[in-house]
Amino acid sequence: MQVGFIGLGQMGVAMAANLLRAGHETTVYNRTRAKAEALASAGAKVADRIADACRGEAVFTMLADDEAVEAAVYGDGGVLANLKKSAIHISSSTISVALSKRLAADHARAGQRYVAAPVFGRPEAAEAAKLFVVAAGEPDALRSAAPLFDAIGQRTFPVSDAAEAANLVKLSGNFLIASVIESLGEAMALVSKGGVDKNQYLDVMTSTLFGAPIYKTYGKLIADEKFEPPGFAAPLGLKDVRLALAAGDELQVPLPLASLLRDRFLTLLANGGDKLDWSAVGGLAAKDAGSTSGR
Amino acid sequence: MQVGFIGLGQMGVAMAANLLRAGHETTVYNRTRAKAEALASAGAKVADRIADACRGEAVFTMLADDEAVEAAVYGDGGVLANLKKSAIHISSSTISVALSKRLAADHARAGQRYVAAPVFGRPEAAEAAKLFVVAAGEPDALRSAAPLFDAIGQRTFPVSDAAEAANLVKLSGNFLIASVIESLGEAMALVSKGGVDKNQYLDVMTSTLFGAPIYKTYGKLIADEKFEPPGFAAPLGLKDVRLALAAGDELQVPLPLASLLRDRFLTLLANGGDKLDWSAVGGLAAKDAGSTSGR
Amino acid sequence: MQVGFIGLGQMGVAMAANLLRAGHETTVYNRTRAKAEALASAGAKVADRIADACRGEAVFTMLADDEAVEAAVYGDGGVLANLKKSAIHISSSTISVALSKRLAADHARAGQRYVAAPVFGRPEAAEAAKLFVVAAGEPDALRSAAPLFDAIGQRTFPVSDAAEAANLVKLSGNFLIASVIESLGEAMALVSKGGVDKNQYLDVMTSTLFGAPIYKTYGKLIADEKFEPPGFAAPLGLKDVRLALAAGDELQVPLPLASLLRDRFLTLLANGGDKLDWSAVGGLAAKDAGSTSGR
Amino acid sequence: MQVGFIGLGQMGVAMAANLLRAGHETTVYNRTRAKAEALASAGAKVADRIADACRGEAVFTMLADDEAVEAAVYGDGGVLANLKKSAIHISSSTISVALSKRLAADHARAGQRYVAAPVFGRPEAAEAAKLFVVAAGEPDALRSAAPLFDAIGQRTFPVSDAAEAANLVKLSGNFLIASVIESLGEAMALVSKGGVDKNQYLDVMTSTLFGAPIYKTYGKLIADEKFEPPGFAAPLGLKDVRLALAAGDELQVPLPLASLLRDRFLTLLANGGDKLDWSAVGGLAAKDAGSTSGR
């Protein structure tokens, strides 16, 4: 297929490379052009303007947040004004439910199609085309986009005809991860002050009930208080918890654990944690307990 | 070894049977004698009194709570008064850190040995001798008890010389499970009110980031609102969260997520949930959101 | 002074009447014209359009929320486009810190002046010109507006040169009130389930430590479970807690009690409480405790 | 009346002095005898043993906590073993609901009477005989004790026939105060980081909606970060919140705000706050917000 790709961060560049590898003619755009050029050798056309990435049957956006997506979509030079009739805007960014809903409506009005397709997976998974794609939108649009999802991921989960449902699933997934971080942080603060070695504790837990990689990965970071460099930075964690709460607010679903997480992230950021990995939230319980790090 | 076993609930009966199967001469005691007699055909001696279960090299207690353990241990007819010098009291009940500490001191004073050895695993795992044993106490006592642990579990984790550390680990583990229940409850309340099918959502989550059986098991119960019959009853869940908080209080470790869980359990019990499985805590977020069950 | 007044709800109509009473030439505007006409007999000029209320030295806006204020201020027919140079926009609505900041900047750019002057007091206080005015903005603007504040209130508190500080104070004040509601709700749920009469309890508390009218007023509503008709509706309470949290988010100030309140308001609204007084939040603790009302 | 008084801390000594002043023959006992002797010049008989303070028609206990009261009441030399038939034990200590209930039952069994009569008021109020007495117990016992309450307080509130109800009211009152501390702490952290002077803010709030002395007193301590010397020490604050939660646990009343307060107190104590006034809890929100004190 002919496809555009807007947003070449760590995730985007890997996803675009896999589209190329799967044989899709891919035109890439990035605000900082250098990142786009790195893909030229892999066969990508490099666009100077967003509009030039919107000529094909589909265009991905993989950007940092609502503001970045709005900037790319709206305005004369944006996706909305330049995408062909029936072409599909595939939004893979982790954005708000509200914006996704608005994009769906605006594209429909313009005779275009819109699919929300956020992904689960770290950059390594993106490079290996092993992402999980959570997709939502009109069934025909999902069908059309399927080969593209196959190119970037190991499995696609179609969750709804309403595009914003995919964003809701993505946000709730990140909320679940943040909950794991908080619960491990509290548990380790407790057992550690009670004299149990944190790594040994983690070994017990992950060898028995909590074998999921997420417990191993985040548990290790918390046990070792190794919050730098960030794999997923704390401000992004706050953003996603905030968006989950905003979705809960809109739907009138109180989320007390998400509220607790939001307060934790704010505490972290207010105390110099903006460059840390979001797992640093898991270090706050020990701080509240007056436990000083051995480091 | 010659060993006694006090407390033949669903877990205890399976553990005692495995001790017998492994060739240990086992004398069993239960307040309701009928349960003890069921083990006679498997070779158990049935004791009429606690004292008679205390004649060997070790005696297990596997009872409901602090009160039950105190009742079995203290007093003229209790474990403390009847256990031989150097014999080991192996406490596998999920009890408070404070009581475990007190038992360690009292047995030491009496020239006896004490090991805290709570277990992870449901009754099926107990039957299959597949429990995980978290053990703490003096190294020589742990060594002496090792063959017994091998008879009931698939792996033993020695976590500390201080017996109560094992209880702390056990309590924190149950806190982690309760945290999973709460986080899944909130996430499902959110996506479900947003139009996503709960089972489909669970499939996405457990197929991607949260593959641990615990997410599958509890997620399914919450998605189906199937909280009866209880596998682990809500009042026991409250008890364990309460004990984790008590340990945190003693050690001065604030545990805001555990506090949230405690309030959830109280809400559940105050509204008729005392016969439900503790996963019913995962149904409260949906209730707060005004979502009515399809049932 | 020549002054305009936009927004004639229960509060606005009383404030405009007091401006007239104090001798200020007042032009009033309301989306629903009937409410404006009611003031004509008191000497008000009735404007057909917002622009016509912007001809004087100052114009008040007293509207429901950010959206209403934005609609009144921006656009060709709005306050910003029609206010004279050096004239003052006095914003008395309870709006977000962010919008107040933006209004300050936009008016400055247009050569106009801007004062944030939210008020404390119920409609009765507004009628009696007994409001408390919390005012912030450039000192000269505050000086110019002083006679107007004197006309509507019993005392003016100038809190900062930065207009949005007044909004922050107002929001935090409403947060304090909501905190009183929650604390009374929990306390009464506790003592009441313990057998103490709620009204008698309230009498003890307000006769001893908590003599402030706010404890008497809200305590009585909660004790009697009399949440209708709303004096200040629950959705407005949620709005203000939400704005306090948004301000905390922007300033990186975690507010766990405000988070708790937000979840309470969402629970209330999700369960049919949108027509109730915000004191109904004080009834939720009893509901969680499974206490059924005597009514 | 002939009366005994056990426990001569800051509060007790003032209460005993007022009993003497009102003409009651008072025998005083304190573990540290020196404090008792100070009352001899005012006419008190000084008892060497608790038993000697139990010879009259009534005996007050005014002690630090459950442990101290249990130590004074139980055992051969205690109140229970030495009080005459029909004489009244008046328990003014802030103790648990559970202990109060147990005392009521044990005294009834011994043919004695029991009244719970905790008080509201700081030491100055105790000296001026201006305490508020919250009293509960059998009506005849309350009637008999009335002259004693009149001697120490400005007003007595009989709240129930069940003695422990008075303790519940006292605990819930301290919970309300702690809630004021937390809410002021959060509000001030917010406005202060937003550029508003904390003392000026407090002036606005206490001049308008929150005129109660409690807002002025605690607000001032928080604004000035003046948490030493303690008027009411943080560990006592934690104790009372813990007892309120324990009562809630027993009655199945979830108290999320009390849970938050408990975590705050633990954080304070875990970080060196055990010698501070309980209002120091109101300084934690600013700390979480990364706001550094000017001191």
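Every chain is named by a letter (A, B, C and D) in the order it is written, and numbering of its residues begins at 1.
We adopt the following convention: a residue touches a chain if its C-beta (ideal position, glycine included) is under 8 Å from a C-beta of that chain, and two chains touch if they have at least 3 such contacts.
Owing to the predicted nature of the structure, the values given are computational and were not obtained by experimental measurement.
A centroid comparison over C-alpha atoms places A as the chain most distant from chain D. Across the two interfaces under comparison, A-B and B-D, the one joined by more C-beta contacts turns out to be A-B. As a whole-number value, the distance joining the C-alpha centres of chain B and chain D reads 38 Å.
Centre to centre, using the average C-alpha position, chain A and chain B are separated by 38 Å.
Shared interface positions of chain D, defined as residues touching 2 or more other chains, are 248, 252-256, 260, 263, 266-267, 270, 288-290.
Interface of chain B with chain C (complex): residues 256, 263, 266-267, 270-272, 288-290.
Listed in rising order, the residues of chain A touching chain C in the complex are 242, 248-249, 252-256, 259-260, 262-264, 266-267, 269-270. Residue ranges of chain B in contact with chain A, taken from their complex: 97, 120, 132, 134, 155, 157, 159-160, 162, 164-165, 168-169, 172-173, 175-177, 179-180, 182-184, 186-187, 189-191, 193-197, 200-201, 203-205, 207-215, 244, 247-248, 251-258, 260, 285, 288-290.
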